[in-house]
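Next up: some structures, all given as structure tokens.
Two complexes come next, and they have one chain in common, subunit A, joined by subunit B in the first and subunit C in the second.
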Partner chain A sequence: MTETEELMRATAQRCHDPYLRCALYGAAQTALGVTGCCVLAHSPQGCYLLVDAAFGWQDADYTETLILSTKLCEDEIVHGGEELLARTILEAQELGVSILFVLTSCGPEIVGDDIVAVCEDMRPQVDFEIVPIECAGFRGDQNDGTDIALDAMLKKLTVRGRQKIPGSVCLIAPHANSNPTWMGDLAWVKEILRQMGAKVLATLTHDTRINEFEDVASAEGCIVLTHDAGQKAADYLAQEFGTEQLCKGMPLPVGFTNTRRWLMELGKGLGAQDVAERLAAEGGKMVVEQCRRKGLEQFFMHRAPAAIVADATVGIPLLRFITEDLEMIPHLLCLRSCQAESGEILKRELEELALSPKVIYDADVYQSKLALAEVKPEVVFGSNIERHAVEELDIPFVFRLVNPISRFRMVNREYFGYVGMLNLIEFIQNDWLDRYRSTQRRYKARW
Partner chain B sequence: MDDSRIAFKGTLQQLLEKVEKGEMIPKLQASHAPPCKFWTAFQVINGIRHMAPVIHGPKGCTYSVANAYKMRSCEYRGAPLEPTSCTAQDEADVVYGGEGKLLEAVKEADRRYHPELIVILSCCCSGIIGDDVESIAQRAEREVNAKVLAIRSEGFGGDFRSGYEDAFKVIMGLMEPPTEKMKGTINILGAREGPTYTRWTEDLDEIKRLVYAMGAKINGVFCGGCTVEQIRRARAVELNASWCYDWGQKLGDLMEERFGIPYARTGQPYGLKATEEWVMGVAVPLGLEKQATEVMRRETEELSEEVDVLRRFFEGKTALIEITEFPGPIRALSLARMASEFGAHPVVINIHPYTIKERMPSIKFLLQEGQNPEVILTKGLFSLGTFRSSWETEEELEMVAAHYDNAIYLGSPLRQPGVPQVNLTTMTGFPQYGYRGIKNMARLVQSSMEHASRPRSKLFREVLYGG
Partner chain C sequence: MRQIAIYGKGGIGKSTIAANLCMALRERGLGVMQVGCDPKRDSTRTLTGGRLIPTVLETYREHLKLGRDQYAISLEDIVFQGHRGVYCVESGGPEPGIGCAGRGVLTAMQILRDLKAFDIYGVDVVVYDVLGDVVCGGFAQPIREGYAREIYLLCSGAFMSIYAANNIAKAIRRLSRRGETGLAGVICNSSGDEQFEKVVLSQFAEAMGSKLVHLIPRSPVIQSCEVENKTVLEHSPQSQEAEAFRELARRVMDNDRPVIPRPIEELSDLEAMYREHLAK
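Moving on to the complex of A and B:
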């Protein structure tokens, strides 16, 4: 085995340059999707910044949602921080919140602070609900944190014995999606469901009211809106409440084929095939007409060797879109996670598309860079990290689609569905044109 | 003024005494949480070229600092993407210890990245379970090509200041005994994160300009994009100076104590007097007074109009200065001195006891230098919340501003105090330090005077403080 091969095969667990944050971050993202909540990080002050980043990812409004930290110091690590946690919970009483999520970081979990017991003790003394979530960073990455938080929330907040509401669904983990404006994807899904006559009882989580959790058990179906997390929550709902998972085992709706298949499957599940047919026909026509009117740059795409470095949520469905609709040839796929179910979806996609790119699961930055250097694609679909990583690699185009992108978006732009296709094409074309922009002047103007 | 909304009113000296006695502690734990020690230690070493960090901790701490500092350096400071690696500690490592894995990670980092320097940083996990990062660094160094250092930077182990200081202290381990002195050469201390921005002029660029103008040379800016070689040579200089007294002070003191290198103790060069002090603080030990005097004369001569503008603006006014969260309390105190120089009575608003505690040595130095402005701390900022969104603090500030009949406000544009207001954020493309800083300040106060009666944006206000 050559050194390069050896390094590629290493799981990068000894010396890992991560694309993802830890479990605490994923749990915080999930908790902060609940409106009017307060998230208390039982942690040193550095972890507070992590929670603050999660706050931004959920588009939380600082006039409604609050974040606190117990700011643990050496004293609490040596003597335990339970007393400080109890005091902070009591002080949060002044904030007028309806629910408090208590999240643990590495320190207090290692020293054995029993946050579940503290929360139980404090509950009678405060007038808000308290949900403890044990999500120390060492428990896994942010996707694991999303699963941990969903598990804690569903077990604590759902109400059993509810009657099923026909045509109702709940949506799972929309935020585990590296589209920087993933709320656009969620909005598209909700609009499709509305047109199909379905009722969304709960979104787990984004702009989620606490009483939505009470309705979760009433949902007939659920849809997991990510390939990176959330499957455990769907399995729990199926097991506990008989909730059917819709669109299971198929790529999310990015590109013509994936969107059409996803719509048809959803229509079948909800008894709305005719609506699905109409949406697919209208949407497809709209994309073609819009591209005809605005212009679709095709020259650089045809059979261009491509790489995708992304999360599974964007990366897996993007594979078919760039192959079928944009005529590129994927040679490399670096995914930031490795859920077993998503691996199966990808395997089927590659077979159907007769593609055999190099695939790296659970990739880190080093592995991606090394693979890009080996494969030498002409085009990379990735993030700002790849834009900088390929600088010495003579790879001309990096299209920034996934977080972090260093591009400000004031309006949520979806990748799902038909407008999503137009958004992707727009971002790709803008980055393509940027590559040609002059960074210096050859001579000075005279005026 | 409604005293029930004021948490403290007095002098800086009095506030310091209260903090030292432990009297000014906010009730709610949440308030004012700057980065932890790990973040700030990383920020320092991120300013060294071809350095590979090996963070002995989980992924979350690692991605967070990479995203904050590494990406920003790539985007704006012209730095290439270099690795931010970690041992990705998991439950098994927490239970069984991770020293073996750390050693392997260091070797792997050396093989993969060919760095000149590897810095191991401990996090909460590795700190609590007692992994001995220093011993691993020593052992690893025998087995790899790069120099290997270790910083005990677990987040619970100290405040954010201690991260800066410990990182600077560890870096001293790289400084080699000099064979000969570099005449007329200085180090600039206290920088972090990386080189200055490539597309706009920063304060550090202005002081570098002044150093070169007087005929001195700079060995390196620690750690503002310096090389390992510059750190190795650091003991050969004649003098250390700081670009920010607060952050350079510890390293300057230690290098003086351990290596006998004099350290120019001066505050931040805001305004004419402080700039002259800074310049002479460097020039005198190097024997360059004559050249420096000529530089100051030439630069000052060119600024006569700007100095007039500043005098007209400040003369006889009460200058409310509130930049204590960003760009920071030490700058607020430097601005207070500048306002006083041009004829105003400075009142520093909302310098939080938390930051006094963390910056104790610098605050004491400024007091020794005779800077003891009046300080007002409002209850909103003291008790809870961030500067940005706290409508209570905004109301309190408006109340304070209304209390004076001749107030001007120097601070963040996020505030709407209802008096002439100067935007003193440092993110506007021009420096505040030195002579170019004076030029910039004059431009800002001129604009403030001309547009004082314009209404503030309803959009800005509602976004920040609600409808």
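Moving on to the complex of A and C:
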């Protein structure tokens, strides 16, 4: 059997059970981060539900944000839906829309609807901006959708020729991950930037005002707040406006070392090393004191074989956190996604930590389950999916840290920074104590 | 009810053969319907004296605009009697460059089925005239959904027409797993060199496990009938060409055992087969 045939056979035998949703979902998440926008899904009604789900992810406000659908039926698939799209855009005029994002699903793109042309044609007839985003599900996963949407938005809405504002930054893709605490993390980053004297000109996207896009070109620097998407947007800003990417190529600030390194790098980029030093020193002291006072030691997990099943945003920084701070030994790392840049970060981390766990990039649920069965860790950091996937495996603990997560409702907590570290320790501690509620898990826990 | 589909390379003469076949079948006293499965809607033109009849899809669209479904469509709006009572239907489809014609064809067929058109008109044989090659899954719908049970591949002596027929045979092989659909045979619409065409198409058909059903000669009579918007059987019923279509109809009716084809896998093998006869 040739190599190609073997590859084809392996691919054919693979069961695809994806963690991630499609590009339409990622694009909708990104568009719905713009305050007061209207998102029009040029799609059948099923795909529209993805937009509805994205609405929840951004905590959008029904009184400010509108979501519409052209609700395509068979007639639009046979004859094309351009006419219906044009009519719907005209109807949006009556809703007092300030900006309209038109998103496509698979059907209209397959039958050749040219939404860019329709939007161009309709623009003179309405008094709001229209941004077409070609994000059919088959174009990729939700992270690809985020990149597609950011690309469309930046190219359409950014105003060129603006003067740079010293000490200003824009934040990229804070929402593009499976981190249930992403809004808390974003708030933490903004507070850190404030303390370092930096001004956040634009957040792409969460609670983003339309004029923030106009200011993007003025930003001196940008920070990508995820390891799963957004790098293309940062590269675009660097190329078009000379925007420097801060904290590039390093893990996000989860855990002692990662937070300290991230703060120091940010301080260096913003000329605020003294503030960074102070924040790191104060934060580290606070965590040690809290752990001492509250008895938050994780002694029961010392040298426990562990697995991480998460997206790159949480998974990569968590690797150092559980190795250095919790003193576990990672045996498996399944990343739901992985951009090339994230792969490089992970490679460096593994080298620095002298670890050689089994690593699976772009893992789906089936692959994760197989790998967990093979590696048999004692602890899994994952989601509700892994909680169920390990039912028949002899794995006593699954700490649910990433979405989908049914145990906790995150309102404004964070994983980033020193308080974030305490939050993580708290989850782990509580779940560990929880074992006494289950006879099975109590006896399986061997430490 | 016999359900026949004619596939073949674009411009090979599918509509001409289909219309004349329908006329010949009608002469045998059968209830016949020709369904044009092409957005160009010109399949039944020679049966209707040059009139482009309203299509199923455009009629359906008009009803949709009024908030009605397909059951509001009257069969009289979409089924038209052509010469000698051959029923004519055109599926219609989207404008060029947009929409999905394949899905349109299927929608039109579903409407015909939902309205029980074949039962109501007492149709014994339906002939589907399907456009061009099976370029995407949509155009394979007549086969996939079991509307067409007997597939005829129309070829000439030109190599590319055989190449296209071989590709269509691959689609038939794939789709015949779902039901009773199969390849009923190859029909030659001669481009002139009948001797060569008979030999090469017979071998091609046999290689696929099928047979060359009949050869329609190249003739100016057929071409002039086209221009006059008439079938040969209407325009020149006593001609040799009309007899050829009658013979085709006889053979089609006698041929009721479609097979799962074995298309030639490699282009080089197909070329070698063709080259072998070309040299002679």
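Just so it is clear, the second predicted complex is superposed on the first by the 419 of 447 C-alpha atoms of A that agree within 3 Å, B and C clash if a C-alpha of one lies under 4 Å from a C-alpha of the other, contacts with A are read in each partner's own complex, and residues count from 1 in each chain.
Simple rule for what comes next: a residue touches a chain if its C-beta (ideal position, glycine included) is under 8 Å from a C-beta of that chain, and two chains touch if they have at least 3 such contacts.
Keep in mind the model is a prediction, meaning the values are calculated, not measured.
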State whether A:Asp325 touches subunit B only (first), subunit C only (second), both chains, or neither.
-> neither
Scan A:Gly140 for contacts with subunit B and subunit C and give back first, second, both or neither.
-> first
Tell me which partner A:Ile77 touches in the superposition: subunit B (first), subunit C (second), both or neither.
-> both
Of subunit B and subunit C, which one touches more residues of subunit A?
-> B
When the two structures are overlaid on chain A, which partner does A:Glu349 contact: first (subunit B), second (subunit C), both, or neither?
-> neither
Please work out whether A:Val365 is in contact with subunit B alone, subunit C alone, both, or neither, and reply first, second, both or neither.
-> first
Touching A:Ile110, do we find subunit B (first), subunit C (second), both, or neither?
-> both
Shared contact residues on subunit A - subunit B and subunit C = 74, 77, 110-111
Touching subunit C in the complex: which residues of subunit A?
-> 74-75, 77-80, 82, 110-114
Contact residues on subunit A for subunit B in the complex?
-> 3, 7, 10, 12-25, 40, 44-50, 53, 62-63, 66-74, 76-77, 84, 87-88, 91, 94, 105-107, 110-111, 137-142, 365-366, 384-385, 388-389, 391-392, 404, 406
Hey, which residues of subunit B end up touching subunit A in the complex?
-> 27-30, 33-39, 54, 57-64, 66-67, 71, 74-75, 80-81, 83-91, 93-94, 101, 104-106, 108-109, 111-112, 123-125, 128-129, 155-158, 160, 386, 388-389, 466
Report the residues of subunit C in contact with subunit A in the complex, numbered from low to high.
-> 57, 60-61, 64, 93-95, 97-101, 103-104, 107
